[in-house]
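Right after this note come the structures.
Heads up, the next two complexes both have subunit A, just with different partners, subunit B and then subunit C.
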Partner chain A sequence: MIVVLAIDALEYDLVEAFGCDNLKQKFYGKTDISEFSEPRTMVLWNSFMTGENREKEVLALGDKEMWNIKLDIKDTFFARFENPKILDLPGFNYDKEQHELERGMLKEFFTAVGDEEKAEIRKKYNSHAFEHHRRIKKEFADALSGDYDFVLGYFSAADVIGHLNFGNRALMKMIYRDMDEIAAGIDDTLIVLSDHGMERIGMFGDHSDHGFWSTGFKDLGNPRITDFAGIIMEISEVE
Partner chain B sequence: MNEENLKFVIVGHIDHGKSTLIGRLLYDTGSLPEGKIEEIKEICESLGKDIEFGYVMDHLEEERDQGITIDTAQIFFSTKKRRYVIIDAPGHVEFLRNMITGASQAEAAVLIVDADEGVKEQTKRHAYILGMLGLNQVIVVVNKMDLVNYDKQRFDAVKEELLRFLSEIRITPSYIIPISAKEGDFVARKTSSMDWYDGPTVLEALDTFETRKSARDEPLRFVVQDVYNFDKRIVAGRVESGVIREGEKIRILPSGEETRVKTVEEYLKDVHEAEAGKSTGITTEDKLFIDRGDVIVHSDAGDKPVVTDRIRANLFWMDRTPFKKGEGIRFRCATQEVACEIERINTVINSSTLELIGEDTGEIRNREVADVTIRTDAPVVVENFNKIQELGRFVLGRGDTCAGGIITELEGEK
Partner chain C sequence: MNEEYGEIRIPTRLIEEIEERIKQTEFESVEEYVTFVLEEVIKDVDEEEPEEVFSEEDEAKVKERLRALGYLD
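On to the complex of A and B.
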């Protein structure tokens, strides 16, 4: 089985700072996403799945409509596996309601005026994101014990929580260490990949201009996110 | 409650539960800010796990970074007996540097070992440093007993392995306590999880330790930090030991010149003496040449420091770039700083295996301990570490500190 731990906004610098050795594996580094005009989640995961830069096509749909993309498996490298399991990946099969709710609360937060109101929204927002995180963790653990030849688990907590709380290092550390524990529990060939990282803007977080990758088998240097479809297929042939 | 603080350090392998033990100690002694533990518990539960006390320090640091409350370099808690200060040392380099430079002087140490993983290289290295620094109030805690089902045999095996090593470096721990910092077993309270153990908890053990005797009763060592010429000439420094009083006859080392203390100066205060631990200023009856690094002692005291340019010492090298014989390096002791060379590297040993790496060798590498003979370019005022620690410990540096050491023997007294 090949496993991809797809972690939205996993920041290279924090993986280092928090000593997440399981996320780092043997070889790790930053991905090069400089070919994209901005580090956009939907654009990057679309490009990952197809192995092609899909920025133009995704952006053509507009900011709102792009979130409705659901690629057919035939248009992705997943189709080349016999029995793949993909969990919650944006642009493929993610829980749209969940993500819409999160975006709605984010908007609500930034339009709220009073501190108390903001604190209340932040609490609700975090709680919602964590609840989703627990659900994906459970589904991912189940998938790992299933009869699949490829499992991809997409985890959004570092991104979702990070947008409102990236300045709170203690909270971010707990999320990163949790992701590290998830990585520690994977015995199969593992690729850890993020679309982009995150940088601190006061108490908040915004997407950074590089992603994170790691493997236990090969130094990939400074790969592009579109390289991973080929890299993964190459491993699957060897396996 | 006794007003004296006892300062201690927790050392050991990075993953053996130091942060969890600190978090547990703070929680069990009610020393955490209100709501802090609930906040951590809530996030842990949100992530689908039990509370992890290891995150307490992170959350306190977060508050410090936001300028809210706490100094995490020194962490305080109290028992019924007294107040404690945990000196936070992220690694052995910081610990050794702090101890050697006097930035934070631990009077006791807790050496933590994971019951499941057992004694690791880092455990031994940290233990070696404790031994080198003469810390003799040591508690060994065998942590994570919950992971080995509180098994006595496992505890005994770890204990035996560690005691074998500690006896080689002449450390006799005062207590060896099986604990689970995560579950709270035998940290602050006795639980039924290990009915085969009838010794004290960590807090009970700490309460039996003695605080360091005040250096007030020791011979005067006033270390000069600077000399200021205002309307009067003030010699500023720190009383490392003893008491300096107005009218006393003093000797300036290394020059050996003598004079009397005219006044003891403290801003907006009328004082006539300053005792150990105090940073203060003095004026003298005669205008002598006094400079940073000089040490002032009582003229009539029989027990004086040694002025020498040759020192025998044990040092712990803690820089990735090895030291090569012939390299010039800076020697820093109290406020003295001079160039020096290591004349002879008598022996080098591995600090975790105690294996002899070489005799009369030409190199000291990272984490190795060496018995060396140092020759300084100018005479320095020093003492055997066993006599007056403040003048018996030193660091060697290029730009940053590369090694910390203690003086074991003084040659060529001048």
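On to the complex of A and C.
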């Protein structure tokens, strides 16, 4: 089985700072996403799945409609596996209602007036994101013991929580350590991949201009996110 | 040094997990393990950069960025 731990906004510098050895594996580094005009989540995961830069196609749909993209499996490299299991990936099968609610709460936070109201929304927002995280974690653990030849688990907590809390080191550390523990529990061939990282704007977080990758088998250098479809298929042929 | 102690409540499932975990270690009790972990976490956080505080300028900046990234309309 090949496993991809797809972690939205996993930041290289924090993986280092928090000593997440299981996320780092033997080889790790930054991905090159400089070909994209902005580090947009939907554009990057679409490009990962198809192995092609899909920025133009995704942006043509507009900011609202792009979140509704649902690629057919035959347009992705997943189709080349006999029995793949993909969990909650944007642009493929993610829980639209959940992520719409998150974006709605973000909007609510920025339109709220007063510290108390903002604090209340932030609390609700964080708790909602953690609840979703726990659900995906359980589904991912179940998938790992299933009869699949490819499992991809997409985890959004570092991104969702990070946007409103990146300046809260303790909270971010808790998320990174949890992701590190998830990685520690995977015995199969593992690729850890993020779409982009995150950088601080005061207590908030903005997408950074590089992603994170790691493997236990090969130094990939400074790969592009579109390289991973080929890299993963190469491994599957060897296995 | 004689330290004073207080009581906290944690889920029973965690206590059971810790009991399992410390079987092969030098920790002699769940209390000892929990104290060690909490001291490590607090030490780590203290050594790191200070927590950021809220500023309207940061909020305006991030709002603009989130709009550019398609999160806000």
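Simple rule for what comes next: the second predicted complex is superposed on the first by the 239 of 239 C-alpha atoms of A that agree within 3 Å, B and C clash if a C-alpha of one lies under 4 Å from a C-alpha of the other, contacts with A are read in each partner's own complex, and residues count from 1 in each chain.
Here is the rule we go by: a residue touches a chain if its C-beta (ideal position, glycine included) is under 8 Å from a C-beta of that chain, and two chains touch if they have at least 3 such contacts.
Just so it is clear, the structure is predicted and the values come from calculations on it, not from any experiment.
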Practice prompt. Could you check whether subunit B and subunit C clash or fit when both are placed on subunit A?
Written response: clash
Discussion item. After the superposition on A, what does A:Asn168 contact: first (subunit B), second (subunit C), both or neither?
Written reply: both
Discussion item. Just checking: does A:Phe150 make contact with subunit B only, subunit C only, both, or neither of them? Give me first, second, both or neither.
Written reply: neither
Practice prompt. Applying the touch criterion given at the start, work out whether A:Phe77 contacts subunit B, subunit C, both or neither, answering first, second, both or neither.
Written response: neither
Worksheet item: Which holds for A:Phe36: it touches subunit B only (first), subunit C only (second), both, or neither?
Response: neither
Discussion item. After the superposition on A, what does A:Asp115 contact: first (subunit B), second (subunit C), both or neither?
Written reply: second
Worksheet item: By residue count, is subunit A touched more by subunit B or by subunit C?
Response: C
Worksheet item: Does subunit B (first) or subunit C (second) touch A:Asp178, or do both, or does neither?
Response: first
Discussion item. Quick check on the superposed pair: does A:Ser127 touch subunit B, subunit C, both, or neither? Answer first, second, both or neither.
Written reply: first
Worksheet item: Do subunit B and subunit C touch any of the same residues on subunit A, and if so, which?
Response: 168-170, 173
Worksheet item: In their complex, what parts of subunit B are in touch with subunit A?
Response: 43-44, 46-49, 55, 58-59, 61-62, 65
Worksheet item: Can you list the subunit A residues touching subunit B in their complex?
Response: 126-127, 130-131, 133-134, 137, 168-171, 173-175, 178
Worksheet entry | Of all residues in subunit C, those that touch subunit A in their complex | 41, 44-45, 48-49, 51-55, 57-59, 61-63, 65-66, 68-73
Item to complete: Going by the contact rule at the top, pick out the subunit A residues touching subunit C in the complex.
Response: 17, 38-42, 63-64, 66-67, 103, 106-107, 110, 115, 118, 163, 167-170, 173, 200-207
